[in-house]
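Pasting the structures here.
Here come two complexes built around chain A, the first alongside chain B, the second alongside chain C.
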Partner chain A sequence: MKRSIALALGMFVAALTATPVDASLPTPASGGTWAPNQRVEYRWRDGSEPPAWAKPVMNAAAADSNATRKAKAAIFSYDADGPARLAYTDDMPTNYAIGYAVRNIPDSFLIRIRPHGAQLDWGTLRWCQFYNDPPNGCYDLEMVTLHEFGHIQTLGHVDEAAIDIYTDSIMHGSGVHSKAKLGWNQHEFGRCDVARLQIRYEPLTTSTPISTCLDLPTELSLTPGTSSIAYGTSVTLTAKLKIDADASYPNLAGDLLSGRDVSLQRRATGSTAWTTIGDMSAVAGDPGRYVKTMTLTSTYDWRAVFSAPNDEGLRNATSAVSRLSVTYGCTPTAVRRNVSLYETC
Partner chain B sequence: MEPAWRRDRVGLPALLLTALMSTAITPAALSAGLKPGVPAAPDCRTVTPAIAARAALGGPGRHSGSARVQPQIARRGELTGRVLSVQLANGAAVNVNLPVESHVGEATGDLILYTRHTAAAGSEVRALNLANGCDVSLATPTEIVRSSVLDQTANFLYVHSVSRGPRADAGVVRFELATGRQTQVVAPLRPADDFGPIFGTGLHWSVDGAALAAQSCGFGSCLTRVLDVATGKVKRLDAAGQGAFIGLTAGHLVTFAACAGLPCDVLSTDLATGAVTVLAVDAFAAELTPVGAGRALVSIQTSAGSMEVLQ
Partner chain C sequence: MIPSIAPRIALVVLMLAACSIAHVGQPTPSPATAPSPSTEPPPQPTPTEDVAVGTEPPDGTLRADGAAVAGQHGSYCFADTCADIGGWPNKPDLPLVEVSAADQQLEFALPDSVQFVEWHASYSASSNGEANDLAEGGNGYDPDKSYASPWPATSSVTFDSPPAGDWVVYVSVYFDGGDLSYAWHVIVG
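Our next item is the complex of A and B:
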């Protein structure tokens, strides 16, 4: 027991030390995960079918989860024969929950939503979608149902002290906001929810933006293919961009990164100043690979550079330097001082 | 399916008589506004609260009849109330209509405690006897009653309420059933701002009945105040991450973590030190079995199997 607490404490400290102090932390999660992109169909629970106004709202929450997971997390959809169930019911396991989620991975789940009009200690539960003109203090059923779908995706409640702004997560343990507080009708996972989904399930594709709630080192390699080349010959330089293999999260470490901006730089031999030659092109069907073809007439040092965009939780990376020496078919007859070699024969 | 010959011979009048005999002939039915019928019922008017409460002395799970609560949800999806449906020991059925602001406890012995509040009628705690159908008022709290429990002797009723108007926690009041004397035993709760509004409060006895836990929960997390019945002292346990109540022993409060769903970790909070220990990770169910001396065996089900921990 003490060992598990010590382990948890150690992981917490490690998370703190591995992350800038002013950054939000990924939403906590636990338990086994769904298979990558597993489809899980749900139906309305017999005897607890939501009213007509609530059904499309709850379906919209499932669609919100699908559209904003940005990871290979589970995909939810309605099917009259689905194994999972959504219930609109006063029969809740606790007297305080307005939504309650039970996941039975890998087979099914059950989400219960407390009905409109139920009395809680603080007052009457009101769902905003019940009204044509929702009053302040009502709860957005789509947001709360999405919160429950977050639990089904294995997300837990966020530590309020560990996030910068409220909308970084919809998994608030101290209470989702009612109308019209910040985030009361947020219909997408917050960036720190997405971060945890990406940690647990991997990003949806290699070009899916990495959540800014993460701060992952990247690794960039440059492969000239040869170290020397004949004057005037065309050569293709190839870069490979991926999340650093030593990144903290095993599911993300070494993941290839496509669709990013990778540029090619060179410097003359003996110089320290780098010049950007241009962007390298992403290669379709070859994730993480970027190329640029050049015709070389002189020897240069080359490197690839990845400048991480502000809307991703990635760090910059620069490849190792590769020198491509240009060789000549004959010995130049004249070499002018301060001018690169050129072929004159 | 009934044979055709019997339907023909018995006919509609007999069917109506059968239906009449099977419903609403008890004092409970009377109190619920249902029409009287046969057979004769005991004179519940002579039953005092103290006498009525003694029906609980049989203990949990040893009751004569059966009961269930059916929420009433209108076509538009609005909760409009509840119906407490009881099958009495004599087979008669009783339905008690309750307002939305109501709570029905689990049957203890032959007794079911329920609370109800409306703006017009105020608050009331009632006790329905599953054996004889007597439905007796035990207390009429001045605040908005939320739930109640009897102690093991059935001499005292503990009632949790919220205040009228702001619906702030009003604490727990103990009613002495023999005299009607009221004592505030747990003060109104004033949680920290970051706890948020209180969504629900539950009253739960320790396995030996020596302490009463009043657990109040916000949207996702809870705090518990433990009343030592003998001394009247209240200990507050509010470490972060506390979830739904599972059980209380002489030494430990056992809860889920603040999950609002399952699976969920099971936590044990040491009553003396407040230290929290994780008993199990990702549990689907947990329950306590008393083993004497205020201790209990905590049985926990996880996806990996089951385990038992002595607390």
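Our next item is the complex of A and C:
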């Protein structure tokens, strides 16, 4: 009986601990992608220019996309001669849409935004930025335009059942939230939007934080440079941190990770206890590489450790163990203090 | 580097190569339909900025006792074109499907040429109200991942109707080329 209770309790605890903190999935996406960091300029569509109050709002949405993509996704900016177009128009193929996006990668795109006051089959469209004091029920034009830029980046719509928190994405398909529902004025991509952009375009740089909507294994190697070294000389240990080559997203597998905290640990030969010696330093201009220079007087086993931060979708990694033997210029008389040999000749 | 092309080509090649191989341990999108080897939507004309409108999405139908009823289109992404709704029409304005009994099955279908891999059905008492899960399938499919075998796809699924009452039923489907969503006014019992 006790055994059964213990087993049940154990299973319950295991079930609790085995459940991810959150299980949101990256926002779906489809179609071919823009070139890495491709600049795509847009202009106002002839005959469908937004009113003066709307133009800066729509430009702000482009800036929001640029600032929060955290990936080598496309960069959008206004240019009077740009090939892509933004339109403020009722000319849409449906009587229900408030935003409409057509991408023509790698050349251009067309975004249409329904005008303020349009009568649709679900009600009257009101843009919040039209008002000095926006009423509840209005839609935030900057957020909706950012949503359309998300489509241009190839994002689709989230399955509401696949995300935990509404603000994990701005790519909602079941009706965009109006004021003052949660996320109604979100002016940045959600973490699961960023996850997909990172999957499809790779992170912006090797030091860009990986979205917490991902859960990627990492791989850490440690290279001592030599297996033996003379007593009292210095050696530089080098670690390399990257996303595991077997990660399920081919685009991310093997990507180097810079700017993370990698520490160096050692243990005496024959011991099982590891001691942290200190942080390894990132090497400028050499992504994913971390070094620490040590002056060695004894033989130790060494390893590098990456403890993934809570604000990244990465897993911990520990390198393989490397033994670095210290050699002596003469035969030591082996004065043993603790576990170390000291040269006495 | 064009990140998404290579894995997609690899996925399609794998699908073609393995289309006759039984799938072991893979989720099936529908309890009532056989898996299909393809997740690709049919070829569509490439939209350009000179196209007055983008590519129209296909109708999705819901069938209970009688004829299949085309649903109200919701937000979608299809053939590089996306549309976004601000909300669903009121329940009485949605296409009506009458279900004689609560234990009856509903069948959602797209044209045979459009196959999906993941789907989700839900219902609520009113349009844009809090939705309750009804059924789902194919969860976890991700076209950007590398798979050892193809993910089953289908153009129709069946699921239990909601309990007796007056509801809005929503169906969303996801495939390698985008997503589609539909709604109906469903009276059960």
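Just so it is clear, the second predicted complex is superposed on the first by the 318 of 345 C-alpha atoms of A that agree within 3 Å, B and C clash if a C-alpha of one lies under 4 Å from a C-alpha of the other, contacts with A are read in each partner's own complex, and residues count from 1 in each chain.
To be clear about the criterion, a residue touches a chain if its C-beta (ideal position, glycine included) is under 8 Å from a C-beta of that chain, and two chains touch if they have at least 3 such contacts.
What you see is a predicted model; the values in this text were computed from it and never measured.
Engineer: Sticking to the clash and touch definitions up top, decide whether chain B and chain C on chain A clash or fit.
Structural biologist: They clash: once the shared chain is superposed, the two partners overlap in space.
Engineer: With the two structures laid over each other on chain A, which partner does A:29 touch: chain B (first), chain C (second), both, or neither?
Structural biologist: Only chain C is touched by A:29; chain B is not.
Engineer: Which partner does A:279 reach: the first (chain B), the second (chain C), both, or neither?
Structural biologist: In the superposition, A:279 contacts neither chain B nor chain C.
Engineer: Between chain C and chain B, which one touches more residues of chain A when both complexes sit on the common chain A?
Structural biologist: Of chain B and chain C, more residues of chain A lie in contact with C.
Engineer: In the superposed arrangement, does A:156 touch chain B (first), chain C (second), both or neither?
Structural biologist: both
Engineer: Touching A:117, do we find chain B (first), chain C (second), both, or neither?
Structural biologist: So A:117 only meets chain B here.
Engineer: For A:199, decide between first (touching chain B), second (touching chain C), both and neither.
Structural biologist: Second partner only.
Engineer: Which partner does A:79 contact after superposing on A: first (chain B), second (chain C), both, neither?
Structural biologist: After superposing on A, A:79 lies clear of both chain B and chain C.
Engineer: Of the partners chain B and chain C, which touch A:173 in the superposed model: first, second, both, neither?
Structural biologist: In the superposed model, A:173 contacts both chain B and chain C.
Engineer: Would you sort A:248 into first (chain B), second (chain C), both or neither based on which partner it touches?
Structural biologist: Second partner only, chain C.
Engineer: Would you sort A:99 into first (chain B), second (chain C), both or neither based on which partner it touches?
Structural biologist: A:99: touches chain B and chain C.
Engineer: From the options 1-9, 19-27 or 91-99, pick the one stretch of chain C whose C-alpha atoms clash with chain B.
Structural biologist: 91-99
Engineer: Going by the contact definition given at the top, which residues of chain A touch chain B in one complex and chain C in the other?
Structural biologist: Dual-contact residues (chain A): 30-32, 91, 93-94, 96-103, 120-123, 148, 151, 156-157, 160, 172-176.
Engineer: Using the touch definition up top, name the residues of chain A that touch chain B in the complex.
Structural biologist: 1, 4-5, 8, 30-32, 50-51, 53-54, 88-91, 93-103, 115-124, 127, 130, 148, 151, 156-157, 160, 172-176
Engineer: Contact residues on chain A for chain C in the complex?
Structural biologist: Per the touch definition, chain A meets chain C at residues 25-26, 28-33, 35-36, 83-85, 91-94, 96-105, 107-110, 120-123, 125, 139, 144, 147-148, 151, 154, 156-157, 159-162, 172-176, 178, 196, 199-202, 248-251.
Engineer: Quick check: in the complex, which residue numbers of chain C touch chain A?
Structural biologist: Checking each residue of chain C against chain A gives 1-7, 10, 46-49, 51-54, 56, 72-77, 80-90, 93, 118, 120, 122, 127-128, 131, 133, 136, 139-140, 142-146, 170, 172, 174-179, 181.
Engineer: Across the complex, what residues on chain B touch chain A?
Structural biologist: Residues of chain B touching chain A: 71, 73, 75-80, 82, 100-101, 103, 146-147, 162, 167, 169, 194-202, 216-222, 244, 258-263, 265, 277-279, 281-282, 284, 303.
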